[in-house]
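Worksheet for the structure shown next.
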């Protein structure tokens, strides 16, 4: 386990003991991280948990959260939901019932997050969702659920426009299509492609555990596409990229996978990845974001001895959203009041991701959804390079989101 | 036509891995009557071990396998001695339940020792050959050749050596073999040693071609049994034929029918064969 | 039948009374939640025991049938507006029908072949549930699965909403009691005796003229009906349904529960189910340790305690009582 929770606790105790007796109203605020710490989703969940810990340590080192007359020091508890909805239900129940947690962060994976979202409305808690991209999570408009990551189809349509502009007219899709939000991405992508007269000529599927996609790729090769779109988790997607090369499929490869360079290089060589695109939210790539991101990257590397994954800042930003909201609300006791504060909160200055403001310069729209800009990234000589922004209209999407329920 | 041949070729590589796994299963099942379900997880252990040898000791791919195989053989013998031998005379189902328990232990052990992230064994065989539109990855050829070699070696071992004769004697009739002075305990150990060594090699090939991760071992064990049932339990040529047939069928089905239901195909084949032709393609009973 | 009105029955009534009183003592919503799950597991384990313990055929498909029951009930209630009270009866029965279809051909094979085929069934069920998104919602699942509607009995309104609901707990308890009673009835009936004979020596039973296939199928179908009931209770309790809980790993856990408790007994599955639900809570281990521990228990139990915990306890009990009565007579006591 990489969390320095015992260390943090010791640090808290020592600093509490050493601080002057004047700070009488100092309380410990427990933050519950519910994420996939093991299993297939851990590639997204573990970095998020790390990011939360890092943010909490930073806040505590800077004096904690000052709300009204109370100063809160953060204590982070993590719980592994293994990206499994049943586990997630038990895990969050434990956090709420046994550990008295009111503030839940993390949530990398859609299946487990949806399970929690289906009962969280009845709880005295506030839930901040990260990497999970399933649209229904915020489409339902649950008052105590907020998400820092935009729904997959928000990015899908921007990606479709981009690929259409690049001239592709016959695109073959291969992806984890049994997962709802990937299909949503593809559907939005397809809509844009159709507008210019292009079409999707194949929709092949693979599962999270699959590693041999040569049958699907061979079939695609026979259809002679002018581009392929790969949507799915990092681990199987890496194999798709490698096997495409092994089968001589020499067409532009566009993807929606959000993996770090390290994660890809475990499976596929840099030469084989050359030229691959990743069309996703403008997640952590240093050139694309500002000094906040550079600092985040450096600190994360120092603390955890590995580079942060592109989507880990969603969780980092959650903690700062909470900090600012609690300070605005004046207290952390009432989760409902804090939720109201979140709803009108402007984008925190400590945020790493680049968010697009909603009505009234609020970070979250009426469904509790935040929007990061979308970007086109390309693998060039061993690194993901930010090439251009994908124009996206978050206000229009927000209206669309309001009009649906899932 | 090109695509059809390509699918077949793709399927042969994975099929040869299935054959290797099935071979390990069939020697134990055919000779000792044990449905050694834990074989898949043991194969994974072998694969992880190969990875460790090749990364931490800088050994070449094959040298790492060569080092891992004896370790696997020893583990197999230990498992036989400690877990299966005590229930040798109990109802067969007890051995199967022990196999399930061993599977959990090995999966847990692998998780503990090697973590939950997927592990891929790097090899220097990265070239791709183009035969008029049909692409063959060098790694896939290496996998097929390795599997074929190992199968040949084991077959020779069983047919030509004295130990092999004892093993076959036990397979035919255990009591008679005992009467003829064959040391059944020794044979049991040998069978497990061979089976586990093969398993280690299979695991290493899976680790190079695909990836090692929690759960992969179980799925290969099930496919191994599917091959056994398809080829005929206890039949060596059946395991060979069955493995290739399964690999190619999966590839063709995924390519021409539906990739989403790819895994279902192997299970359906297994269920169908068990019900219609229980002795398999080349089985005896 | 007179044998039923004995100490085991008294003991059972005590246990049920205790189970009813428990939530009022341990008020923690989290423990009520766990106990509700344990009760659902008891239904599953009793079902598994019918094939594994009584007939001696280890099925690795129990979790798959649980999933079938869960989805049938969920789809009927959510897409066709059927009341949960009705699906609590229909879904298990429909699961039984599916089991006939699956069981009829597969019971033609024996021993580990049967187990492997059931393993394949479970995997097929799981893959279909995951992939057939149009029907099942796939991995993303189906949210907002409804609770049973309110009941008005004797002027009281019983609501089943809300987490850690005591009325739902009572409902699960009733199901667990029902499952145990059903198994008890089967065990003490002629069918039960035939099943046990099949477990002892199937060839001999067949030679005696028993049409073993009928009894095997009966056990298999009954077992899946109970699995379907457990699945229905589970889906409407958790409120969110997706295929994850119905994979092969869960079936292996169920087998473990039955073996641990004692296959072939009535109390065994209860002990096993409760242990398997609470063990992960007591041993707050990482996954790897839990797997190793479970596996080790399975191996050790099969080698040294092939009959499970409950028979061990009853043997011990009888042995202790036998020792107590030695002074009163000279005869050696009956074997424990």
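We just call them A, B and C in the order they show up, numbering each chain from 1.
Throughout what follows, contacts are C-beta pairs under 8 Å (C-beta built on N, C-alpha and C of every residue); 3 or more make two chains touch, one makes a residue touch a chain.
Just so you know, these numbers come straight off a predicted model, no measurement behind them.
**Student:** Classify the inter-chain contact topology: is it line, ring, star, complete, or other?
**Tutor:** complete
**Student:** Where is the C-beta contact count highest, in terms of which two chains?
**Tutor:** Result: the chain pair B-C has the most contacts.
**Student:** Distance between subunit B and subunit C based on Cα centroids, please, to the nearest Å.
**Tutor:** Computed from C-alpha means, the inter-chain centre distance equals 34 Å.
**Student:** Quick one: report the Å distance separating subunit A from subunit C, using the average Cα coordinate of each chain.
**Tutor:** Centres of subunit A and subunit C (C-alpha means) sit 39 Å apart.
**Student:** Considering subunit A alone, which of its residues make contact with at least two other chains?
**Tutor:** Where subunit A meets two or more other chains at a single residue, that happens at 38, 178, 205, 207.
**Student:** Give the residues of subunit B touching no fewer than two other chains, as numbers and ranges.
**Tutor:** Residues 260, 263 of subunit B each touch two or more of the other chains.
**Student:** Touching two or more other chains, which residues of subunit C qualify?
**Tutor:** 131, 287, in rising order.
**Student:** Residue numbers of subunit C touching subunit A in their complex, please.
**Tutor:** Going through subunit C, the ones touching subunit A are 28-30, 33, 130-131, 133, 137-141, 143-144, 162-164, 238-240, 242, 244-245, 287.
**Student:** Can you tell me which positions in subunit B touch subunit A when the two form their complex?
**Tutor:** 2-3, 6-7, 10-11, 14, 116-118, 120, 126, 128, 130, 133, 135, 137, 209-211, 213-216, 219, 250-256, 259-260, 262-263
**Student:** Using the touch rule from the top, collect the residues of subunit A that touch subunit C in their complex.
**Tutor:** Those residues of subunit A that touch subunit C are 38, 80, 82, 84-87, 89-90, 93-94, 97-98, 110-111, 114-115, 117-119, 122, 134, 136, 178-181, 183, 205, 207.
**Student:** Report the residues of subunit A in contact with subunit B in the complex, numbered from low to high.
**Tutor:** Per the stated touch rule, the residues are 38-39, 42-43, 177-178, 204-207, 209-216, 218-219, 221-222, 235, 239, 245-248, 266-267, 269.
**Student:** Which of the residues in subunit C end up touching subunit B in this complex?
**Tutor:** Touch list, subunit C to subunit B: 56-58, 105-106, 108-109, 111-113, 115-117, 119-121, 123-124, 127-128, 131, 248, 252, 255, 259, 286-299, 302-303, 306.
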